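Next come two complexes built around chain A: one with chain B, the other with chain C.
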Partner chain A sequence: MAQADSPFQPRPVPGQPSVSKLVLLGSGSVGKSSLALRYVKHDFKSVVPTVGCAFFTKVVDLGASSLKLEIWDTAGQEKYHSVCHLYFRGANAALLVYDITQKDSFHKAQQWLAELEKEHPVGEVVVMLVGNKTDLGEQREVTLQEGKEFAESKNLLFMETSAKLNDQVSEVFSTVAQELLRREKVRKSHTPGNEAVDLNEGPARQARCCAH
Partner chain B sequence: MLDRYRILITKDSAQESVITRDIHRTFPAHDYFKDTGGDGQESLYKICKAYSVYDEDIGYCQGQSFLAAVLLLHMPEEQAFCVLVKIMYDYGLRDLYKNNFEDLHCKFYQLERLMQEQLPDLHSHFCDLNLEAHMYASQWFLTLFTAKFPLCMVFHIIDLLLCEGLNIIFHVALALLKTSKEDLLQADFEGALKFFRVQLPKRYRAEENARRLMEQACNIKVPTKKLKKYEKEYQTMRESQLQQEDPMDRYKRENRRLQEASMRLEQENDDLAHELVTSKIALRNDLDQAEDKADVLNKELLLTKQRLVETEEEKRKQEEETAQLKEVFRKQLEKAEYEIKKTTAIIAEYKQICSQLSTRLEKQQTASKEELEVVKGKMMACKHCSDIFSKEGALKLAAISRENQGIEADDEKDSLKKQLREMELELAQTKLQLVEAKCKIQELEHQRGALMNEIQAAKNSWFSKTLNSIKTATSTQSLQPPQATQPPKEST
Partner chain C sequence: MATALGGGLGGWGSAHIQDGAPRSWERVTGGGEAAWAGPQITGSWGRLAGHRRPRRPTNQAFPGARAMAADNSKQFWKRSAKLPGSIQPVYGAQHPPLDPRLTKNFIKERSKVNTVPLKSKKASSFHEFARNTSDAWDIGDDEEEDFSSPSFQTLNSKVALATAAQVLENHSKLRVKPERSQSTTSDVPANYKVIKSSSDAQLSRNSSDTCLRNPLHKQQSLPLRPIIPLVARISDQNASGAPPMTVREKTRLEKFRQLLSSHNTDLDELRKCSWPGVPREVRPVTWRLLSGYLPANTERRTLTLQRKREEYFGFIEQYYDSRNEEHHQDTYRQIHIDIPRTNPLIPLFQQPLVQEIFERILFIWAIRHPASGYVQGINDLVTPFFVVFLSEYVEEDVENFDVTTLSQDMLRSIEADSFWCMSKLLDGIQDNYTFAQPGIQKKVKALEELVSRIDEQVHNHFRRYEVEYLQFAFRWMNNLLMRELPLRCTIRLWDTYQSEPEGFSHFHLYVCAAFLIKWRKEILDEEDFQGLLMLLQNLPTIHWGNEEIGLLLAEAYRLKYMFADAPNHYRR
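This part shows the complex of A and B:
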């Protein structure tokens, strides 16, 4: 989080970088906390099961602009879903994480999408489907194609990652950040002169699927 | 309860995979729990699984493994389970999970109100930051501080909990906030959450700090009355929130809730129906199999019965045959014995006759000798005759006289001799007959022996065959082998 407040971050817009809230959703031990840990702390270790939530921030440097991501890591067990709703509120982006070696977690991710859509109109939130644990490829139960097809059918971004091997992790967050910025620009062009960014009020747009 | 536990651990749980994944992440640095598949992980898994079966509504909750592990470090598995159940049910930890964590949120409200009263500056700072209690205290309350803090401190907290009850979570939470007040006042939203996550647990690795914290926790006053009051406040607040809500929203939510419940129940119904059908099919299959087996067994039984009847019939026949044979032998034996007796009697008779005859012969011989002596004497006395006798004619005379006498004697002798010879011949014949009879007896006996052996052999093979067939027949069903009668003993 040192980077988060670093004055050396390029800031094309004077003042604070725009802030977006991102929630990590998915069933237990698919690697939500590990993804956050890898991305924010560049570290990978055994993490305790998340009870309640964990909070991280990171400024994403996208060259011309930057974006501060507030990352809410949530508990995976279904029992805690109702608690997670506290963190849904006002979220701009969501990562639906599943474990490619656990078919069940893929189905859970789909359920999470339904939950999310109950609270937010479709397209209001940037949603990326993330298949984690590509390092365990030989135990794979969900194919790349399956993930891709589901993401396409629901207009979600999609990537496969390995928090353990640090494969595609920062790409996940930067892709989401880029999409957030793109939507912000589109929205700004519709309401010129409005400095404050509130993605939730923007016109509902379909997210494009990111070809992995 | 201990017996209940033994049953519970044998049952399957729907949450097995979640539990397994959490077990590996519970105190992985601790010696007792570090080995995958070690005693510690094994016991921990069993406790968590048993609990998930025991508590059907709540089941296993992520984070519970820490509490179970702490208990397991102090007592055997079964007792740890019992204490876990006690803490969940009787101490009320379970209530925090009920009704969408409604009680937990009430506890958060109570904590915030207590803060407002006892740590007003920190409370207002948190309010400014929009930092709510659920962001840092969820883990504290739901795991009873067991997940992040060093074990020495956790043990104190659990001791305190067991003595004082669930309200000590406020004591400990307030003590934690109080001791970190300075740091927290200077932190922003992000910094404060990071402080709770990283620095705070680290601080109590020093036992001295932990001890002081516990002292402080014990000294903090959390009046039950106040808690009650705050609880009421929270409830009123919740109610007014619900009231204020657009009735449309409320109905929508209610509708959603009901829909979810309906869906869940439908799913359950489907599952149960599916289970019913599968179990019905399985039962049908089992029944069919059992019937098939019964058929096979019945057939076998009939077969065996038939074989038994056959064998008994055979046995009866053989017995008859044996009896007949015995009878024949007995008759023959009797006959032979009778013959022997007869022959022996005849022999004895003949012997007697022989001895009589020889006695008579001897007598007559003696008599004739005497007569001869008398004649000799007379002849010697007679001058006339003595010359003949004594001179050359003596022999002649003697010969004549002897001849005369001899003719007389010879006639008698001859007849006697003849008689004797006849008798001897007869004796020899009888002896021969006797020998023949003996031979015949021997032969018969020999024959009988051979037949006996044959019968014995026949019986043995028949008997063993029968026995074997019955044995094989009875190997699939418990049928008593037919009572095997011993082959009749020959009485000779």
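This part shows the complex of A and C:
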């Protein structure tokens, strides 16, 4: 998206939480939309396959501070990858979702990571690997250990969830939000002005209206 | 934006429907807003004439698409059925292979369309078109002249503008009456009587402009509609709670029956009659004819159907086992995980038998079209055909129908017919689904271009808040608005798409533009990116029925008329 390339550095509106852009990536039917729906709407139901992308927003309350997440839920089918790149841009965080009962979706998550890293230098984006559908434990094809090891090897955050049972879902988002805030603090204290991880670089659109 | 947040997952999720409902209801009942077409049009004309600003570069995220769109923009506006994805197959790619009688019909049909504007210089465009299409009984048998004239799209745009504006003005005038009457009385039942009698009175007055009024008389009861169940009855497109069948509807049905049973169905006439909507009773056979699947000659129909159905099940026999082979595995797996998620809220589609039918249709289509293969969204496109062909055997509500009560033969017919008609549709829009989906990118750019010309305010509003058209309109193109409208509306929309030359590939763009502008007030009320996106992906159409689709189509027709053949009109 345009703002990622923009030299203009928007500042958050005073009193409003800063805005971060989070993308949900992963192959089809692993539960990306269900995670978003569970987190944003506290709901779980049959969802239709996402076409292109769907957009949500939610303020994450982290006690002392809060953060507004713009959540971009993408379509899982590979045919849509050409469109998905549009949603990568300017992302501050990504959830790489796989289905623990589908080994293949775990491999696809690894491919998604490679795609993401093409667009963003390693470390610029907060990435969490998410193994969903723990409610289907008896059909598990990807062990907890496998997930963990891969995440560690790539320096990713990692969690297993069940959108259906509402297990660990809000933890996923709040952990990512905490990490975003932590990195922002580090960035501020170390190299002010450095664009490495700039939360405000994201789509803080309210602040940009004046540009027009 | 709690209300619009809704399901948000791109479909007709229940939460989404529920949340959207109150807004939609207010909109329908709210006095001034309901007549959106009228005042708004004048507004947009004002804007059109007024401001011309240099175009700004847009969509930086898609430099390639932009360049492509720039290259194609001229061709696009001069579209002449040459573009990849244009829908010639409606006429051209017949099944069975080219029948001389059909070809003759096709030529005749083309020439007849052309005669329409020539017959009357004064009343052309939509006015004339509507007269010819909706008042079927008015059409005499004196239409045999053969003209090789230019298409009616090339008519003087002033005439088009004037008549279109007149049509829309009439629309809004007619709508004002009942709304006013409602505001003066709180007694709904009594009011209902008033409305009903007024529309009856209108019906009995057979004046020359019935064609304009008749499609609208139902709208007058619009503010009084009962609330439709959340999962609206898909089989019942008459969402207005109007009386079962009016005199006019009976006459229309009679006209259809006559056309369909004549030795050689006049396809031109059938298109004209179908444009304003096909009666439910004759929709299955009409759709088969309009899609080019069924021959116009009644004698050949049974044989053709038999042959095509056998051909389809031949494919199944030959190819369906290959679904688990390595090279087709990915295709099948994707279809297999998408089918249970297609129309998840409608019980009909949760039946294993129905899901198996969908899987077979999609798999066979995908492997026969390797350039695109299966793309999410195509699964939705089977649904209207399936429902319409199923409705042939179902008296009651289709959405809860248990298909195991049907015979094997019936199910096979429904399946094969759905396959062939869907194939016909997709033939015309295949570039929507080939690599990188060029058809969609092109159409989204075209939509942006069109909106920038017809409603600069909305266009600038999007730019101001950095809303990209692709972010919401991708789905509009990919799923032909099916995710934005209740199924009954999609079915009604497709009556027209199949009657309109290049309906799915070209006319759809104008419908999208009309659809977007329909929400201009709501759009302009949103003052941040998030609010706009939430609105645009959850537009409250759950209460929509034939009336709204009729207005939408009239507006789309006007836009097409104004812009399709006028690449430089109102260029900014």
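Just so we're on the same page, the second predicted complex is superposed on the first by the 177 of 212 C-alpha atoms of A that agree within 3 Å, B and C clash if a C-alpha of one lies under 4 Å from a C-alpha of the other, contacts with A are read in each partner's own complex, and residues count from 1 in each chain.
Keep this in mind: a residue touches a chain if its C-beta (ideal position, glycine included) is under 8 Å from a C-beta of that chain, and two chains touch if they have at least 3 such contacts.
Just so you know, these numbers come straight off a predicted model, no measurement behind them.
**Q** Of the partners chain B and chain C, which touch A:V48 in the superposed model: first, second, both, neither?
**A** both
**Q** With the two complexes superposed on chain A, say which partner A:T57 touches: chain B (first), chain C (second), both, or neither.
**A** both
**Q** Which partner chains sit in contact with A:G28 here, chain B, chain C, both or neither? Use first/second/both/neither.
**A** A:G28 sits against chain B and chain C alike.
**Q** What is the contact status of A:N155 with respect to chain B (first) and chain C (second): first, second, both, or neither?
**A** In the superposed model, A:N155 contacts neither chain B nor chain C.
**Q** Chain B or chain C: which reaches more residues on chain A?
**A** Counted on chain A, the partner with more touching residues turns out to be C.
**Q** Would you check which partner chain A:V40 touches, where first means chain B only, second means chain C only, and both and neither mean what they say?
**A** Only chain C is touched by A:V40; chain B is not.
**Q** Output check: A:S170 vs chain B and chain C. Expected answer is one of first, second, both, neither. What do you get?
**A** In the superposition, A:S170 contacts neither chain B nor chain C.
**Q** Return first, second, both or neither, reflecting whether A:K79 touches chain B, chain C, both chains, or no partner chain.
**A** A:K79 contacts both chain B and chain C.
**Q** Could you say whether A:R89 touches chain B, chain C, both of them, or neither, answering first, second, both or neither?
**A** second
**Q** Taking the two structures together, which residues of chain A meet both chain B and chain C?
**A** Shared contact residues on chain A: 1, 28-29, 46-55, 57, 70, 75, 77, 79-80, 82-83, 86.
**Q** Going by the contact rule set out above, which residues of chain B touch chain A in the complex?
**A** Answer in residue numbers: 17-18, 21-22, 24-26, 28, 58-59, 61-63, 65-66, 97, 100-101, 134-135, 137-139, 142-143, 147-148, 190, 193-194, 197, 256.
**Q** So in the complex, the part of chain A that touches chain C is made up of which residues?
**A** For this pair, the touching residues of chain A are 1-3, 5, 28-29, 33, 36-37, 40-41, 43, 45-57, 70, 73, 75, 77, 79-80, 82-83, 86, 89, 203, 205-206, 208-209, 212.
**Q** State the interface residues of chain A toward chain B in the complex, per the touch definition above.
**A** Per the touch definition, chain A meets chain B at residues 1, 4, 28-29, 46-55, 57, 70, 75-77, 79-80, 82-83, 86, 104, 118.
**Q** Mind listing the chain C positions that touch chain A in their complex?
**A** Within the complex, chain C touches chain A at residues 1, 5, 7-15, 60-62, 334, 337-338, 340-345, 373, 375-377, 379, 433, 435-437, 463-466, 468, 470-471, 474-475, 478-479, 483, 528-530, 533-534, 537.
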